[in-house]
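Note that chain A is present in both complexes that follow, paired respectively with chain B and with chain C.
What follows is the complex of A and B.
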């Protein structure tokens, strides 16, 4: 048998690109993460981050066009749960530079919208857009099963 | 009107889930289907029936169809229509399902005599869902199609 170790578990989810379906993605990925031993408080962070990433894909990557799809790839390797949210790339959506902090936004240095990426970067251990073969934006974020002391809150 | 944004939306919405063939991961399918069914307006008791049926179908796919080979995937398709939810569960067919097993009428008295108390899954699925059909998946594996109607 070619059984992979529990450290190589993966799953894929494909959804309609429609606001509201991020709730279903959230419940599906949370169930997967729970199986992998992600702690309950980190699960809440994961659910929030995933919802934001899906909404970005639906609104900005797929521009709310009906009939399109959002793909979510989850895999667990080297004690990290890595999640990729991929849209169909109607709009190339990769912000330049680091997201502004809430203080900078309130100070008028940027739009008061666009909090999602900043929020995700605060909630997970790694986050960012990654190059992808073929069309579509790919946003990757990761949660460590056992965060290093510096990351524990 | 040719603009994509004005094209009529399809009447059904499909969610596809590909899971590892490892016991325990049927929970992911159960939670996903439950989330969708609640959103569609199913009553709580029907959602519980759906979760049990999906659990049995995915467990069968993991244990029997894919023979616990976690590298093989179980594919769950959830198709939401206005008045029903259709669920397809397909394995990769390491072992073909004996068609005689798809219409069981297990007796509790027989189970007392057997060491293995299993074998109730397909019967349970048929009891809980409104339509059930066992077929061969496009991939060549075993597939079960289950439908639960949305009662207004």
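What follows is the complex of A and C.
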């Protein structure tokens, strides 16, 4: 396949809000990103970030309610792959302060879960919740195609 | 339609190390299998435990939470834990979440066994 033309540089997916479907989304978005020239190591970062964002939408935004959907919007502009994951907003999901460290988790000070947002923020070049018209939480994150030296890992 | 990915978990013993082989995806659906395998080797008196990852294309934060639970039990039971077989990406993820503070990360099973031998001799 050839490199996508500018008009092909966006993609939308709609998934059932069920754990497991994030893997299908991950593979589709990774294939899209690969065609845009995202490097192999960043593709792995993208796959983890996308999976975690979908899991948050399914578990926290849609509260695991069957029959709901998760939407994913991908677009490439200004050398960035921008991905938005949108749930149906059963619950307004926003991070509640700093996540517990692993030491605190092992000491029993809170849930063993709750590392998804931390992972996403470390793996992406930009990440955060953004306002959205209508209902639903919208989590946006971005990967630069050619990282600046300061961003290279 | 359920999309539970199959994870195959098995246990074996080699050179005094209890090895838990994990083939497949490590997600929220893995909890019962991983905890069951850990309980099995602990009930047999394991002192050294190796989580040997094989063909793991997908390890998510829910799966990592299960492994943090194992670390908690390992500390409580005064055992030593190591992991092997992770891809470079998942080694990075394990370091990001802090698991490397509690479990040595080795490239493969042979390297992990050598590490445990050094630990036992110390």
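Definition applied: the second predicted complex is superposed on the first by the 129 of 153 C-alpha atoms of A that agree within 3 Å, B and C clash if a C-alpha of one lies under 4 Å from a C-alpha of the other, contacts with A are read in each partner's own complex, and residues count from 1 in each chain.
Quick note on the criterion: contacts are C-beta pairs under 8 Å (C-beta built on N, C-alpha and C of every residue); 3 or more make two chains touch, one makes a residue touch a chain.
Since the model is a prediction, treat every value here as computed from it, not as a measurement.
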item	value
Partner chain(s) touched by A:45 [first = chain B, second = chain C, both, neither]	second
Which of chain B and chain C A:20 touches, first, second, both or neither	both
Partner chain(s) touched by A:31 [first = chain B, second = chain C, both, neither]	first
Touching partner for A:55 - first (chain B), second (chain C), both, neither	second
Partner chain(s) touched by A:103 [first = chain B, second = chain C, both, neither]	second
First, second, both or neither for A:119, with chain B first and chain C second	second
Set intersection of chain A contacts, chain C complex versus chain B complex	16, 18, 20-21, 23-24, 26
Residue numbers on chain B that touch chain A, as the complex places them	4-5, 7, 9-10, 13-20, 22, 24-25, 27-28, 30-32, 34-36, 39, 67-71
Sites on chain C touched by chain A in the complex	1-5, 25, 27-29, 58, 60-62, 64-66, 68-69, 71-72, 75, 87-89, 93, 96-99, 101-102
Complex contact set, residues of chain A against chain C	16, 18-24, 26, 41, 44-45, 48, 51-52, 55, 101-103, 105-106, 108, 111-116, 118-119, 122
Interface residues, chain A side, partner chain B - complex	1-4, 6, 9-16, 18, 20-21, 23-24, 26-28, 30-32, 34-35, 64-67
